Amino acid sequence: MSLMVRRQIPILIVFVTALIIMADYFLQLPPIDAVTKKSWTSSLVTDIQNWGIVLAAFALGFGAVNLSYLHTRHISRRTKGQWPFSIWLLLIIIIFAVTGIRYGATSSTYSWLYNSSYFALSATVYSSLGFYMTSGIYRALRARNLESMLLLIVGAIAIMRNAPAIAVAAPIVINMEAWISAIPTTSAQRGIMIGAALGAIALGIRTMIGRETGFLGRLTEAEKGG
Amino acid sequence: MLVTGRIFALGMLAVLWIFIIGGMELAKKKLPTFRRLPGLDALPEMMGRATEMNRPVHFTTGLGSLTESVAPQLVAGLAVLGYASEMAAKYGVKIIYSVYAAQVMPIATELMRDAYIRAGKIEEFNAEDQIRYLSGEQFAYASAVQGIAERERPAANIMIGPFYAESMLFSETFFRIGAIQLAGTARGYQIPFFAVVCDYLLIAEEIYAAGAYLSKDPLQAGSIRGQDLGKIVALILMFVGVVIYAFGSNALIDLLKM
Amino acid sequence: MDFNTVFQIWAAALFTIWVYSIAFRDNPFFKFAEHTFVGAAAGHEIVMGVDNVIRCGWTPFARGAFVYAVVFLLGFLLYTRYSKYFWMSRYPIAIMVGIGIGLSMRAAVTAEFIAQISSTAKIKVLGVDAWTGFSNILFIVLVLTVVYFFIFTFPGMHGGNLGIISRFARYGMMAAFGYSFANTILSRFNMIFGRLDFIMSQWLPLPGAMITFPVVLILLVYAMIPAEKRPWPKPIQPG
Amino acid sequence: MGGSEQKGIWSRLENVPREILYGLLLIAFIIPMVRPIGFPIPISDESKRWYNWIENLPDGSVIMIDFGYSGGGEPELGPMAVAVYHHMFRRGGLKAIAMSTSTEGPLLWEKAMAEVNPGQYGAQYGVDYIHIGFITGTETAMAAVGKDLRATTSTDYKGVSLDQFPIMEGITDASSFDTLIVYTTGGDQSEGWVRQWYTPYQVPYLCSTLAMMVPTMLPYRNAGQIVALLAGATSGQMESLVGKPARGIKSADVITTTHILVLAYVVLGNIAYYASKASRKG
């Protein structure tokens, strides 16, 4: 009974929801509305999708809850070199959440807060990887064998094309890059894409039939035993 | 009742459904055999080098947890971890696993302990030192891994799982300290960095194959078998399509448009 | 310029410099910036989550779609995952996962499987000039070999002389990765340009910025020195 | 290979400290910013294709725009979005309806609109353009808006009812739109729009992503699922076409100098590698 409620029914929900969403796309199941020419599944799917959006919106709080768990632990244990930062992190979460909810996400107060910190930080954090790439290029981009030679040559041509002045000075790189992008890159990426699509479909099938249960999260005692 | 323009897609989905479920059922009786994965062949070399230099081997499965959509990549990474641990134990090399998702800790501990038992070297296994939970935040995790690289100078680094922006950071750092590297991820944007910097590579779907091959899990191996059949269908369709299109027939393209 | 704008520029500029310091070495300023980033991201997600619950859930509810009361209940159940009753969170998650799988499977089979097959099958190899013909044949061969490369459970397909197929596929993929790599450089450099442009055209012209700039850098370099080698502050000795 | 013997110049060159590599890179960034050179920008066929597509849309066309990028992508995609807005407003007769699949979207949209200043073209909020807010769920959001926009959200991003805006008259679902423009930093988004809008509804799709994402999107472009695919980094081209020089054109100098430096690194690194390998043997 307990396994039923705790495990089988959720898996059944996944199966049925996915099936309805797919059926609405592939089939026109009667009864069909005379005016809109839409099947009965259509309005049901509209509803399910909108519920999904509201649920996903609820789930946006997970990040904050996870961080709170982690960092209150750091604070209570006084983890060396970490706990003052943990306090600051929790404070920032609260400041953002309170300001944003109190004044609204597009209020001038909140956008001031956003522009002073989050925007600057998120714009910078990922760009700092540009530095690592540079030393990676210097040290590792070597023509060691045919494979790495191909990688290097193609990369160098694309780098030249991406620099506007080089492309103007030597227009041939424009044509070369166009060919590289249209022929070898597109075709290799297509090959990878076809494989990945099958992987995604297989994952979907395994989840629908309850063979891929990662989404269930932690296991209950009964499940661990069984 | 079938929606025109989507009939072939529905049929294809049904065929794939049969392939994959059939593949899993058959694999329960007999595991499919796998093609050689050149990336995995590098492991003995890496272990040998670590023995020679008397330095550890570092292992990471990247970011992501078992409840996200990248979970299959993490599972594949863990399967390789089990295999690499057994080999490390046999060679007498210390293997360090850097953990990102806390939930992976108990699974990894069990996996590595089993591996050491299989190698008959359980007395050399020290979970606390070898399985290190670093952080659940991307850049904190990344800088902690960098710290391990710089302090303990592993002779080899193995990265298999879902990697994000930190891929370049890791591969560059371990390259700088002279570690020999094996990397694999199915996250397309990160493969190029691994391809540039790392010595051995598992490309995209290859990591799932590696995971299934090493873990001998019939569900995964069977699912891959089913996908392979799907790829063969794709190959046949494309080949036939190109040939008949060259001779002026649109038959296949019309069929796909059904 | 009003105080708010000036403060905003100063804060953004300092955060930018502190984040870049990670390229050289880990240090407390980077840690401070990083924790601000992680906290702000989580806080921002809450704000947008609430915004969405109100606009997409509360508004229809207030107009009489009372079924949303159930949805709200399910939404709160998501948070049982942190409690003893975590299995309750599986119900809302099952709905989300079901939608996700349904949407992705029904479209992926067309967009990423059939459309790609039919686009490949439509490529002309006859009746075109020699170069186009060569390019097109190369294209087709690469698609086919790369798909072939990813067939794992038929080892016979890769044995003996057939190994050349996979090798060829790897060459094609390596070329593609080289192209991606170059494009990533462009992306990352563009981002760096954006931040440096901000520092140079917005922050440095402000009064005091030119003097503060070197001070910030010196402090950073100091912070990068390992704690035990720093004259001050001394690290706290454990025990 | 012994460490005791003196290290040759090649091996030293091979192991240049990264601080020097980064320092040179910073210099390559800063010089052209201090003294702009004004390198020309060649305009690609793909940029022209995008430009002409918008130019040739019939009057009264409705465009869905996804502001789906995060702050990290702003330096690349912001200039592109601004240039395209300039184009749409200057051309006139188009309805630009924006939404966001990324949480930062609405704030970045406001930033972009402040740069565009639609008032200079006489464009009005709610009449010529609007933002219907961030909608969570990524592909679920795309599918829901495509199936029934009004059922998904009945307000704009500030919570004002959509019924009050003339631009929303007759807009019901994906079939009300003539073109889809997406700016995004996420692969789930750029690919998701192909799956959830192009595949079921065949809405023509103009896609602008980070340069690093372009290669993975190429198969869609080749199969005709995307009309034009542009890296945000090429926004300088769009700015020239539109005649509104801004950050994109400004970046051209920097991109050139830094890319030349990178090429020099590649060459130098390889020379050092081979030379030190040769000297070790000899």
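Order of writing sets the labels: A, B, C and D. Residues in every chain begin at 1.
The rule is simple: a contact is a pair of C-beta atoms (placed from the backbone, for glycine too) under 8 Å apart; a residue touches a chain by one contact, two chains touch by 3 or more.
Nothing here was measured: the structure is a model prediction, and the numbers come from that model.
Student: If we look at subunit B and subunit C, which chains touch each of them?
Tutor: A, D
Student: Specify the chain most distant from subunit C by Cα centroid.
Tutor: Greatest centre separation from subunit C goes to chain B.
Student: Could you give the separation in Å between the centres of subunit A and subunit B, each centre being the mean of its C-alpha atoms?
Tutor: Distance between chain centres: 19 Å.
Student: Could you state the distance in Å from the CA-based centre of subunit C to that of subunit D?
Tutor: About 14 Å, centre to centre.
Student: Give, as an integer number of Å, the spacing between the C-alpha centres of subunit D and subunit B.
Tutor: 31
Student: Compute the distance, rounded to whole Å, between the mean C-alpha positions of subunit A and subunit C.
Tutor: Between these chains, centre-to-centre, one finds 7 Å.
Student: Return the residues of subunit A touching two or more other chains; collapse runs of consecutive numbers into ranges.
Tutor: 22, 25-26, 47, 49-50, 52-53, 56-57, 60, 104-105, 114-115, 118-123, 125-127, 129, 131-133, 135, 137, 139, 141, 148, 151-152, 155-156, 159, 162, 181-182, 185-186, 189-190, 192-196, 198, 201, 205, 215-218
Student: Mind pulling the subunit B residues that touch 2 or more other chains?
Tutor: Correct list: 6, 9, 13, 16, 69, 139, 176, 188-189, 193, 195-196, 203-205, 224, 231, 234.
Student: What positions in subunit D touch 2 or more of the other chains?
Tutor: 18, 22, 72, 74-75, 103-104, 134-136, 140, 143, 151-152, 159, 200, 211-212, 214-216, 219, 222, 233, 255, 259, 262 - these are the residues of subunit D that touch more than one other chain.
Student: Can the chain contact pattern be summarised as a line, a ring, a star, a complete graph, or none of these (other)?
Tutor: complete
Student: Give every residue of subunit D touching subunit A within the complex, in rising order.
Tutor: It is residues 14, 16, 18, 21-22, 25, 37, 39-42, 44-45, 70-72, 74-75, 103-104, 106-107, 110, 134-137, 140-141, 143-144, 147-148, 151-152, 157-159, 200, 211, 214-216, 218-219, 221-222, 233, 236, 252-253, 255-256, 259-260, 262-263, 265-266, 268-270, 273 of subunit D that touch subunit A.
Student: Show me the residue ranges of subunit B that touch subunit A in the complex, using the header's touch definition.
Tutor: 1-3, 6, 9-10, 13, 16-17, 20-21, 24, 66-69, 71-72, 103, 136, 139, 165, 168-169, 171-172, 175-176, 186, 188, 193, 195-197, 203-205, 208, 219, 223-224, 226-227, 230-231, 234
Student: Would you pull the subunit C residues touching subunit A in the complex into a rising list?
Tutor: Per the stated touch rule, the residues are 4, 7-8, 11-13, 15-16, 19-20, 22-23, 31-53, 56-57, 60, 67-68, 71-72, 74-76, 78-79, 81-82, 86-87, 89-99, 101-109, 111-113, 116-117, 119-120, 135, 138-140, 142-147, 149-150, 169-186, 188-189, 191-192, 194-195, 198, 236, 238.
Student: Quick check on the complex: what are the subunit D residues that touch subunit B?
Tutor: Result: residues 18, 187, 212-213, 216 of subunit D touch subunit B.
Student: Going by the contact rule set out above, which residues of subunit C touch subunit D in the complex?
Tutor: Going through subunit C, the ones touching subunit D are 23-24, 44-45, 48-49, 51-52, 54-56, 59-60, 63, 96, 99-100, 103-104, 107-108, 110-112, 115-116, 118-119, 176, 179-180, 183-197, 200.
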